[in-house]
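These notes open a run of structures that come right after.
The following pair of complexes shares a single chain, chain A, combined with chain B in the former and chain C in the latter.
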Partner chain A sequence: MSWRNFLLVALLVAAAGMVLPRVLENPYYFFAGYVVLQYVVIATGWNILGGYAGYTNFGTSAFFGAGVYTAAFLIKAFEAPLLVQVLAAAGIGMLLGLVTGYLTLRIQGVYFAIATVALVVVLETVVHNSDYLGGASGLTTIAPPAPAWFAGPTQYVFCVMLVLALVAVGIARAIEHSWVGRSLRAIRASEPAAEACGVPTLRMKLAACAISGGVIAMAGAPYPYYASHVDPLSAFSLTIGLNALAMPLIGGTRSWIGPVLGAVLLASVQQITTVTISSEFNILAVGLMLIAFVVLAPEGILGLVAELRERVGRRRATT
Partner chain B sequence: MVFLDLALNALASGIALGCIYALVALGLAITFGLLHIPNVAHPALVIAGAYAVVLANMRGIDPILAALVLTLPFYAVGLAFYEFYARAFERRGRGNTLQSLTLFFGVSLIVEIALVVAFGTDLRSVSVPYVGRSFELGLIVLPYRFLVPALLAPAVILGLWLYMTRTHSGLAMRAVAHDERALSISGHDPVAIKRHAFGLATALAVLAGAALVIVGPVDPFAGRVHLGRVFAVVVLAGLGSIPGTLAAAIIIGVAEAFVTAFLSPSWAPGVAFAILLGTLALRPNGIFGTAR
Partner chain C sequence: MSAIVEIRGVEKRFGAIRALGPVNLSLQPGERLGLIGPNGSGKTTLINCLSGLFAANAGTIVFEGRDITQEPAHVRARMGIARSFQIPRPFTGMSVIENLLVPMDYLPIEAGAREGRAMEILSSVGLAGRRDAPAEALSQLELRKLELARALVIEPKVLVADEAMAGLSEGEINDVLALLMRLNERGVAIIMIEHIMHAVMRFSQRVVCLETGRIIAEGLPQAVAQDKHVQKVYFGERAGR
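Then we have the complex of A and B:
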C-alpha cells in the first residue's frame, strides 16, 4: 500500500466514523467500539517497541494509566479541553518511556519485561496514595456536553478514539517504512551486530521507548470522559498489559497492520463473549486463543498469510 | 518503647512474610533461574495448589500433610506441562521471550478460570487448630498462622539446597543451566533433566499454596498479587541461587513490614518493585548472583 492509498483509506475510515453517529441509533455499539479502537491504539503503540525492536513491554498499563491520570488531573485542575488532555498524556507517556528506557538500558529480554511490570506497581502505588487524584476510590470525571453533531458523549469519545487510532497507525507505518524502522529491526535481529554496523542502538531504543509510551498514554487520555470515573485498579489493570502483548502476537508483529488485525479480532471477541456468555469465559477465550496462536501460528495472522502465499507460489512454480 | 515494640514486631513479621514469599518464589527460582523459562503461570499454579489443599482439608487432613502428599500429582502435572512446552517450542529452536511469556500467560488465565468454574469466586480457607493463637516472646507477638508456614520455608529450602548440591540429579539440574551440550556428551538427556526440574518446581507450588492458604483465605485470582513480587525475589536473588532466594525474599518482606508499620500499608506493594527497579538498574545480576 503506497502512502497515497494509505492516506485515502484513513480519510475514508475517518469520514465513515464521523457519519456513523448520525446513522446508528444505539449508543451501545459506540460504547463497545470505543474499547476495540482503544486497543488498536494500545497494540499499535506497543508494537513500536515490542514488535519492531523486540523489547517485550509487560507494563503497558503503566503508560495507559499515566495517560488516564494525566487527563483526570487536567480535568480536575483546569477543566482542560480534550485535545489538551490527549497532547499532555502523550507528552507524559513519552517522558515515562524515556525514563523507563534509561533505567533499563542494560537489560534485555525477560528482565526488561519484569522491569516494566515493576513500573506498573510503583505508579499504581503512587496514585493510590495521592489524595488529590482520589486515592483508591478514584475520581469522578463527568464529560462536558459533546458537540451536537455526535448525538451523545459516548459517540463523541468514540470518534475521538477513531482519530487517535488513525494517528497511531500512521505513526507506526511511518516508522516502519523509514530508517528508524530499519534500525529497530536491526536491533531486534542482533543488538551487537546493529551497533557494529553503525546503528546508534542506545538512542534508537530510547526513541522507540518514548514513541511507544507516548502512543499508549494517548490511548488513556479519553478514558476519564468515556467511563466518567477513574480508579487505580482499572487504569493500571493487568488485562491491559496482557491484551497489549496478545494482540500484536495474534495479528503479527512485523508490520503495522498486524496489531490492528489482532486488536480488532481479540477485542471484538472479548466484547461479544462478555455480552453473550460471561466475563469469565471472555478471559478463558483469551487464554485459549493465546496458546493456540503461540503453538500453531507463532508469527500471527500475518505469518499465516505469508506462509499460505508461499505455498500457493510454490504450487504455481511446480505446475 | 513504642518505637522499639513496633520495630521488633515489624522485623519479626517481615521475616515471616519473607519466608512465605520465598516459598512462593522457589518454583520460579528453578524454572526461571535455572531453566530460563519465564513461567508466569507459577503463581496461578500456587493458587491451584492452595485449592487442592483446601479440598483435602475439608476431609479433615492437616494442610501441610496434605500438601506433602499432593506434591506427587503436582510433580506429574509439571512433567506433562513441560512436555507440552518443549513440544511447542524447544523442538523448533528456542522460542522467543514474547512467545513463551504469552504461552504461560494463557496457561495462567486458564488455570484461574478453571478454579472459578470449579469453586466460584468466594474466598476459601482451611481450618487448623492453631489459627487464632499467637506465639509470644518478650515484645514480639506473632500469630501461629504466620509462624507455621514461615517455618516451612527454611525446611523446604534446606532440603532443596541439599538436593541441588549433594545428589547426582541435583547437580545435573544445575549443570543443565550451564551447558546443555556438555551434559548430553556426558551421557545425560538434558530434556529429561529439565522435565524433572519443571516437575519439581510445580510440586513446590503446592507447598507454597498450603503456606498461603494457612496465612489467609485465597480466591482464584490471588496469584496476580504475587506475580510481580516473586519475579522481584528471583531477580533480586540472582538467577538460580536457592539460599539467595530466601535472603532476597526476607529483604523484601522486612522492607514491606517496615513500610507498613511506619508509613502506611498502602505504600507496601510498591516497595518490592522499587527495590527491583533499583536492582535492575544498578546490579542486573542480582545481589547474590554471579556474572552471567
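Then we have the complex of A and C:
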C-alpha cells in the first residue's frame, strides 16, 4: 500500500467514525468500540519495540497506567482539555520509555521482560500511596463536557480514540518503512551484526522504547474521561500487558497491520464474550487463541496469509 | 609506511580468566594478515576488541593514527573497520538486498544511488541473482557471501574475515579466496582468521599465531608453519621423545 492509499483509507475510516454516531443510536456500540480501538493503539505501540526490535515488554500496563494517571491528574489539578491530556500522557510515556530503556535495554531477552514487569509494580505502588491520586480506592474524574457536535460523551471519546488509533498506526507504518524500521529489524536479527554494520544499537533501542511508551501512554489518556473513575487495579492491570503481547503475536509482528488485525479480532471477541457468556471468559479467550496461534500459526495471521499465498502461487506454477 | 591499525598491549579478561593479552600487533595498509591458533586461543576475542564489540581491559587501539579504544563498535564500523562473523548472522526477516541497505543508512550515500551500489556489491560476490530472496533461504555458501557483502558496503579499509570459509567445500573455498584477493587488490587490508591451513598459507603475506591469548609466532607463512612452538600447539608433542 502506498502512502497515498494509506492516507486515503485512514481518512475514510476517520470520516466513517465521525458519521457513525449519527447513524447508530445505541451508545453501547461506542462504549465497546472504544475498548477495541484502545487496544489497536496499545498493540501498535507495543509492536514498535516488541515486534520490530524484538524486545518483549511485559510492562505495557505501566505505560498505560502512567497515561491514565497523567490525564487524571491534569483533570483534577487544572481541568485540562482532552487534547492536552493526550499530549502530556504521550510525553510522560516517552520519558518513562527513555528512562526504563536506559536502565534495562543493556539487558537482553528474558531479563528485559522481567525488568519491565517490575516497572508495573513500582508505578502501581507509587499510585497506591499517593493520596492526591486517590490511593487504592481511586479517583472520580469528572471531565469537561463533550463538544456539542457529538451525540454524547461516549461517542466523543470513541471518536478521539479513533483518531489516536490512526495516528498510532501512521507512526508505526512510517517507522516500518523507513531506515529506522530497517535498523530495528537488524537489531532483532542480531545486535552484534547490526552494531558491526554501523547501527548505533543502544540509541535505536532507546528511540523505539520511547516511541512505544509514548504511544501506549497516549492510549491511556482518554480513559478517565471514558470511565469517569480511575483506580490503580484497572489502570495497571496485567491483563493489559497480556493483551498487548497477544494481539501482535496473533496478528503478526512484522508489519503494522498485524497488531491492528490482532487487536480488532481479540478485543472484539473479548467484548462479545463479555456480554454473551461472562466477563470472566474473555481472559480465557485470550489464552485459548494465543495457544492456538502459537501452535498453528507462529507468525500470526500475516504469516498464515503469506503461506497461503505462496501455496496458491506454487499450485499455479505447477499447473 | 605507517601502520593502519596499531594494537598496543591490549588485554581482555572475563572475570578471573585472561582470554587475551597483552598483545601487540600492527597491520599495514593493504596487508594480508593470517591469524591462526588453536580453539580458545583468543583470535575472535582479539577481533572483538578491534571491532569494538568488546571493550579492552587494558591497552590502546589506534586506527589511522587515531586512538579508537573508547569508540563504540558502530563508530569504528563507519570509520572503515568491517568484519564478518564466524557464525553467519544474516538479518533475517529481510531480503538479501535489504541486508546491504542497513549499513548504507548510516553512510553519506544519496538515496537514489543505494540500490545500484548494493547490486554492484552483490554481483561482485556472486549473489546478484538472489537479491530478493529472504535471508533465511540462503545456503551456507550464500550466507558466507552475504556476510562478506554486508561488510563491503561500508567500503572498509580493514576487513576481518572470521572463519569465512568454515564448512565450505574446496571449490567454494577457492571462490571466497578469489573474492578476498580481488578486494585486497583494491587496497583493503585483510585479517583472515582461519583453521583451513592451506587457505591461510596461500592467502597471507604474514601470519600471526596466538596461543592462550598471546602471540607465540609471527612472520612469513612458511616460517610460522615450521616453527616448533606452533607445531607443538597445533599437533601436540610426541610422547617418549
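Throughout what follows, the second predicted complex is superposed on the first by the 319 of 319 C-alpha atoms of A that agree within 3 Å, B and C clash if a C-alpha of one lies under 4 Å from a C-alpha of the other, contacts with A are read in each partner's own complex, and residues count from 1 in each chain.
Definition applied: a residue touches a chain if its C-beta (ideal position, glycine included) is under 8 Å from a C-beta of that chain, and two chains touch if they have at least 3 such contacts.
Computed from a prediction, not measured in an experiment: that's the story for all the values here.
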item: When chain B and chain C are modelled together on chain A, clash or fit; value: fit
item: Which of chain B and chain C A:Trp179 touches, first, second, both or neither; value: second
item: Touched partner set for A:Pro144, first chain B, second chain C, both or neither; value: neither
item: Chain B versus chain C as contact partner of A:Pro81, first or second or both or neither; value: neither
item: Touching partner for A:Gly313 - first (chain B), second (chain C), both, neither; value: neither
item: First (chain B), second (chain C), both or neither touched by A:Cys197; value: second
item: Between chain B and chain C, more extensive residue contact with chain A; value: B
item: Which superposed partner A:Ala136 touches (first chain B, second chain C, both, neither); value: first
item: Smallest distance from any CA atom of chain C to any CA atom of chain B, in Å, after fitting; value: 8
item: Parts of chain A lying in touch with chain B, wherever the complex brings them together; value: 50, 54, 56, 58, 103-104, 106-107, 109-111, 113-115, 117-122, 124-126, 128-129, 135-136, 238, 242, 245-246, 249, 253, 280-281, 283-284, 286-291, 293-295, 298
item: Chain A partner contacts - residues on chain B that touch it in the complex; value: 32, 36, 38, 88, 95-103, 105-110, 112-113, 116-117, 224, 227-228, 231-232, 235, 264, 266-267, 269-270, 272-274, 276-277, 280-281, 284
item: Chain C-touching residues of chain A, taken from the complex the two chains share; value: 179, 182-183, 185-186, 188-190, 192-201, 254
item: Parts of chain C lying in touch with chain A, wherever the complex brings them together; value: 51-53, 72-74, 77-78, 82-83, 85, 89-94, 98, 101-103, 105-107, 135, 150-151, 153-154
